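Next up, some structures in structure tokens.
In what follows, chain A forms one complex with chain B and a second complex with chain C.
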Partner chain A sequence: MTRRLKEVDAVLVGMGWTGSIMARELSRAGLSVVGLERGQDRKPADAFALPGIRDELRYALRQELMLDPAVQTVTLRHDDSQIAQPVRRFGSFLPGDGVGGMGTHWNGQTYRFLPSDHKLRSHLSQRYGAKAIPEDMMIADWPIGYDELEGHYARFEALCGISGKAGNIRGEIQEGGNPFEGWRSGEYPNKPLKSSQGGVLFAAAAKSLGYHPFPSPAANASNPYTNPEGVKLGGCQYCGHCERFGCEADAKASPQTTLLPVLAKDPRVEIRDLAYVSKLNYDRKAKRITSVTYVDLRTGEELEQPAGLVILSAWVFGNTHLMLHSGIGTAYDAKTGKGTVGRNYCYQINSGAQLFLENEELNPFMGTGALGMVIDDFNGDNFDHSGLGFFGGGYVTLNTLGARPISFRPVPPGTPAWGKEWKAATAKWYRHGATISVQGSNYASRGNHLDLDPTYRDPLGRPLLRMTYNFTDNDRKMSAFVTGKAAEIAKAMGAQHVGVRARSGDFDVVPYQTSHNTGGTPMGSDPHTSVVNRYLQSWDAHNLFVLGSSVFPQNAGYNPTGAVGALAYWAADAIVGKYLKNPSALIPA
Partner chain B sequence: MSDAIQRRQFLIGAGGATLAAAVPPAAPAAETPLLSAPSQPAAPQQAAGDSFQILSAAEAAFLGAVADTMIPADGLSPSGSDCGVVVYIDRQLAGAYGAGSRIYTAGPFQPPQRGTGWQSPLPPLGFFRAGIAAADHWCVATYGHSLDHLDEAGRIVALKAMEKGEASFQGIASKLFFVELLQLVMEGFFSDPIYGGNRDKASWRMVGYPGLPATYREKIEAWRGKRYEQDPQSIADFS
Partner chain C sequence: MKFLGRLMALMLLAIVAVGIYGVWNLATTVPPVAIAPAIAQRQPDAAHGKMVAILGDCAGCHTAPGGEPYAGGVVFAIPVGTLYSTNITPDPDNGIGKYQFADFVRLMRLGVAPDGRRVYPAMPYTAYAKVSDEDLQDLFAYLREQVEPVPHASRAAEISWPLTMRWPLAVWNLAFHKALPFVPDATHDAEWNRGAYLAQGLAHCGTCHTPRNFAFAERDTDGSSFAYLSGASFAGTAPINLRGNEGDGLGRWSKEDIVQLLKSGRNPHSAASGPMAEVVGFSTQYWDDADLSALAAYLKSLAPALGDHAVFSPDETTLKTYLDGQATSTGARIFLDSCSACHRLNGQGAMTAFPGLAGNPMVQSRDPASLIEVILAGSRLPSTASAPSSMAMPGFAWRYDDTEVAALASFIRSAWGNHAPPVLPGQVTDVRHRLGAE
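Moving on, here comes the complex of A and B:
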């Protein structure tokens, strides 16, 4: 027996970055808001305190802040000739869990996408001819131009107090910033972090090769900062425990350190944790969602929360899964190319070159999640792709993220994995090893998609989401090319040994690669090829808005959170400025 | 050699150098840590004989032989078992990890396809139990002795065969077993000592990892390009 609750103005499914931003904006507009979050509401002052938060085994290996695959996972197959198997342990990607979501345990690398990433298909068609784009490469223009989104990127950066150096202020190229980036209305809110020795050496080598190094834009506050919400962030301690950990210094921008303190005091906002949403209840005829059904994980009771406005802010898998399971829109069929939900699923093609500098003291344990020097010379279409046989690219960076020793134990190529020789090499190189990483784009491919698995079920009895995904030849060629540039820089740094690892072969769910999964509910201008319109409003239910990287039509060679935050503000503006005045489809289907 | 250490070697199998001789001298503290912590490293925690929560004597002996072959005693650190690696594995397998926490366990089951990772119907405790039994059976059939009764050269040959997947175990892939085993051994060697391994922070001393509190805001520039050293501190030192 489902207990029906009193209707509220808006209900949000998922209380990570996008849910927190939207809750704040809707409350500001006077709406009553309920945020439903499957995981726990952890209190940072207690849950992320010293000394326990510096526990690599607990947080990095046993993944305490991540989603438990027993609660929700996906199945995987490389192509539709295979029978998918469940991802029983998370490895290559780590979905978040709890209030704050992945914003709790991210590194904080906060980029904007290039203006050309916002109009990818028309840009590449114009420069190389429409025929140069492979037939099965389903890249698309964003329905929102970079110029339209600039102010929203800036707003998210101000919320987080991003530390960085602008490269382009209103068209003026700035010394020391990224000369390839789109224009900015102003400088970053906080100055860049202090560089590591590895970063200094990387920048010098990159410059000597004619490239354009700049400091990684970081949501690790270089100095204490008060954001426009009046919330104070602390100064980063360079502890080397960002990714997979909470921040005890309140220096890493997260929902907890930027927005949740405001929401906690807001009488119009109620966050219910341990609330596992099972379904959106869809009135097909009226083209609207009437309510959301969820299970209270404390009691097992099923509840129904009616709302005038429904926001899906449950990350890539949750958003796509709930749309498919609730029967909203048409599931994408890779054979016919028809249908849209589950389309354009992408990942990221990451690789790197490990380098060993015998005579340099790198103190690799002094770091932050976004401490690095970067070049953007080989990202997106910042370089000529004529004759290369692929599109896309990635930034190349030397990050000093910390050197937690269970996972960070660099040894030169050819060293055994155990025994006397391994020990000697580990002791010798631990302080002298670094990695140059490539954050590579991933362009949508016809065969890569998400749908419902016919066999495996989750604890609520629903079919699991099924991922059909593999790397493409475009990805492998791109990775070989850009990883070669990383190796070139490593050699220019004077490394005695360089281990080059371009991405090749098939996608494997075991080794960690990135949690930058995207797509499944792509945005677009055509309801036949997209799930949401340019305001991130569902084409099939006018009171449903979908937030997060699930709306990307393809993935760029950048960490997605900057664009995700900007899009959340963009959608909030559309809801408050347009939708609430006349609740209906903002763009006719 | 004390009775206690002889008993340990009986239990764990492959003995090595005694701890005191192998610990490198503690590096001087570069600066006073922010949080209060003892200025002297704690005395080695190795006690007279390890006790196990869930491992049988034969399982502990096998794992001791593995730990001491993967992490042999030398001037850089004591042996794996002297660093507590077997105790670490015992505690992990006896707890939530061994019971299959954070694993999707619903069927049906099939052997893993390329790229899908862990597909065992067994939780880690059952998997390691079956793996150890298969490995010992294979060692006896191949070399005439269980792993812990082989000499060091023999143990290296046996582990290399498992690493390459050339050891034909009954019912379990030796390569998969080896990968999981190597991971647990390295976790036991490098994790915070609160889990029972990495006694006296031996691995952190070996590589020069300072541990806690890791507050380097005022140090990253001051020590840039210079070797920063600190007597390593663990969670227990601040608790």
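Moving on, here comes the complex of A and C:
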């Protein structure tokens, strides 16, 4: 028997970045809020303390802070001619788990998308002609312009105390920042991190080639910082344990270090961890969600939480899966192109060039998640794509994120993979190896999508989410082009050896690439091609708002968290400023 | 001679008998308490009583972690056994539900329960004796009217005979507890007097921060001597000197620094740790700014304690030695490896995130027990309304042995201009034993 709980004003599914932001904003507006989180509630002072948190085997390789695929996973096929198989160990991407979500164990690279990324289809049509866009490339304009979102980007950056150097303040190009970025209302809240030696060399080489290097915007506080919530971040110690770890110094912005201490004191907010939401209960006629059903993983009891407002903040997979499984909206059909839920699923096309500098002491162990020098000259549409045969691009960066003993073993191309020679090479090159990475965009393609798997089920008896995904020719050409630029910079740095690895062939779910999965519940202006409107409100249930990168119509060549945070504040403003006054569809379908 | 001897023996016996009778009488008599008519007719203010409970940090001892408010059960491990705080909810059988106001006053000021039992002076009635009639009345009203009754019996102390006998406490009270009311000092302004009233009374600062005599009584409860709040060794920790000394006291802190520490648990010089972190968490963070300011004004008026107290004079030598690559002592190397990332090579820490160690009174305290405890077991900032992050320092008991911790503590106590005496390995051994961190 499902036990029905007392109704609350709002229930959130997922307590990562977006859930935490929304909980705070809704409580600020006076609502009672329940946050349901599938994973554990880990407190930094206990769970992320020395010495345990520096255990690379436990956290980086055995992925303790990540979702256990035995609890939830996806099936994968490259196209609809194949039968999808379950992913039994996460590799290429690592879904988060627990209060704080992926904000707990991210690197902290916090970008804004380009103004042209916000208007992608109209921008490319205008510059290259509508016919230049391939027919199966399902790119779309965001229903929100960059100018409208600027203040929300700034708000998320202030929450996190982002360290960086502005490149464009109200149209004035700033020396040392990214000249390609959209305008900013002000400087970053914190000054840039101290560059690594690799970054210094990268910046000099990039400059010599006529490019525009700038420090990576980092959620690793260069100095202790008090955010507008009154929460304090410590100063980064460059310990090199960001990605896949919690921060021992409270220096990496995460829900734990920016918002959760405030939510913990808030009598209107209750966070229930180990609460696994199985379904949204949908009243099709009234076009609203009445409640959510979840399983208390401590007791196994099934509970129903009625709420006036339902927020999906369960990442790409959770958001799309719950909408499909709950029958909200129409599932996307790749054959007919009809339906919306599950469409525009995108990933990112990451690649790199490994370089070796025999005479430079790079001290790669002194690093942090976003300790990079970056060029944006080949991102988005910052360069002329005429005649290149592809759209999109990526930033190129030398990021010194640490050099942990198990996984950081750079050896020049041609070195044996094991044995005496390999040992000698890792000893010789450990302090002299670095990687220039490319964070490449991924534009939606007609065949790439998410739906429910016909065969495999999860422990709650629901069909698994099925991913149909492969790289496209556009992706491979883009990757070859931008990775070539990375190799060019590596050579200009004076590297003795350069190993170039552009992305080619089929998508491989085994080696880690990025956890920047996007789409599935895209936002848009047309209910026939999008799942949520410009306020991230479902077209099919007016009291349902969907947060996170699942609303991206396509993925840009940036880490998505800056845009995800900005959109969460944007949606919160719409709910508080518009929806609560008149709970109904904010835009007529 | 025989007769004289017998007579003297008899007289001695009589004196002893009279003495025993006197003590017995003293120990079993419930001392009378008079309630002034003005108070008896006054309408108590339970809402204000809630603030009084906060000022007195009642919850700090009477609310167990995760337990119901004021239901007691907080564990106090003392050298002779274990005490548990009592249930002070209005439950009639287990709490103070059957108390008359006079019973409450007797307990708060004299340490005597309605049945005549003497309470252990772990309950700071020596300080609460100075609380005004009005405040006590409001507090009583709050506990009676606004606190939920909880039917949990208070847990008996686990102490073995003969220390279970309470009657000697009556003698102790006779000798050491004057139970005098707070007397305002007309030579000071109203703010100072408010601060003195809080420090000596409700806030019972002296319970931890004033040194005690051979009989475990505070050497000064009214601020009349340099001993008052001059730092102590108490329950294995070392509550700091709150007087104006520049090394181990608050001499270099501004009034605002004191307010900031009490309000947020941290200030540019230091951070609350150990029991003080609990005091901030339960009590001082909720005080009115005016009361914090008054307490700070009073503390700032306390002249430096005399005698052997560490001095501090800022000194660049330590930093320079590091930068020259010459810091080779065991303590300096351990500091570089395990401490400097947060506390920095200049010992300044980082704003109010990581406490500075240069000139930090806790670091230079005469008794190094608190410093040793933080090194061994780590520490955690209290989460306060104005500073919600509960930043934590990890413990290093697992990494360094007693000799190394002593070397590290000695280094910290003598670097950057600190001038506190070195720490011996045996002192670390004691703290490690108390923490069970062997």
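To be clear about the criterion, the second predicted complex is superposed on the first by the 589 of 589 C-alpha atoms of A that agree within 3 Å, B and C clash if a C-alpha of one lies under 4 Å from a C-alpha of the other, contacts with A are read in each partner's own complex, and residues count from 1 in each chain.
In this section, contacts are C-beta pairs under 8 Å (C-beta built on N, C-alpha and C of every residue); 3 or more make two chains touch, one makes a residue touch a chain.
The structure presented is a predicted model; accordingly, all values stated were derived computationally and were not measured.
Visitor: Once chain A of both complexes is superposed, is A:183 in touch with chain B (first), chain C (second), both, or neither?
Guide: neither
Visitor: Considering only the touch criterion stated at the top, classify A:512 as touching first (chain B), second (chain C), both, or neither.
Guide: Neither partner.
Visitor: Taking the superposition on A as described, I'd like to know which of chain B and chain C A:87 touches: first, second, both or neither.
Guide: Touch partner of A:87: chain B, not chain C.
Visitor: Examine A:383 and indicate which partner it touches, taking first as chain B and second as chain C; both and neither are also allowed.
Guide: Neither partner.
Visitor: First (chain B), second (chain C), both or neither: which does A:76 touch?
Guide: first
Visitor: See if chain A has more residues touched by chain B or by chain C, and give me that chain.
Guide: B
Visitor: For A:50, select first, second, both or neither according to whether it touches chain B, chain C, the two together, or no partner.
Guide: both
Visitor: Who does A:239 touch here: chain B (first), chain C (second), both, or neither?
Guide: Touch partners of A:239: chain B and chain C.
Visitor: For A:128, using the defined touch cut-off, is the partner it touches chain B, chain C, both, or neither? Pick first, second, both or neither.
Guide: neither
Visitor: Could you tell me which stretches of chain A are touched by chain B in one complex and by chain C in the other?
Guide: In chain A, residues 50-51, 235, 237, 239 are touched by chain B and also by chain C.
Visitor: Which part of chain B faces chain A closely enough to touch in the complex?
Guide: It comes out as residues 35, 69-72, 74, 76-77, 97, 101-106, 108, 110, 112-119, 156, 159, 163, 182, 185-187, 190-192, 194-195, 203-204, 206-217, 219-221, 223-228, 235, 237-239.
Visitor: Help me check something: in the complex, which residues belonging to chain A touch chain B?
Guide: Interface residues on chain A, with respect to chain B: 50-52, 54-57, 61-63, 68-70, 73, 76-78, 82-83, 85-89, 91, 194-197, 200, 235-241, 360-361, 363, 365-366, 402-403, 405-406, 409, 417-420, 423-424, 426-427, 430-431, 455-457, 506-510.
Visitor: Where on chain C does chain A make contact in their complex?
Guide: So the residues of chain C in touch with chain A come to 341-342, 350-354, 378, 380, 383, 385-392, 394, 398-399.
Visitor: Okay, in this complex, where on chain A does chain C touch?
Guide: For chain A paired with chain C, touching residues are 43-45, 49-51, 223-224, 229-235, 237, 239, 248-250, 257, 261-262, 264-265.
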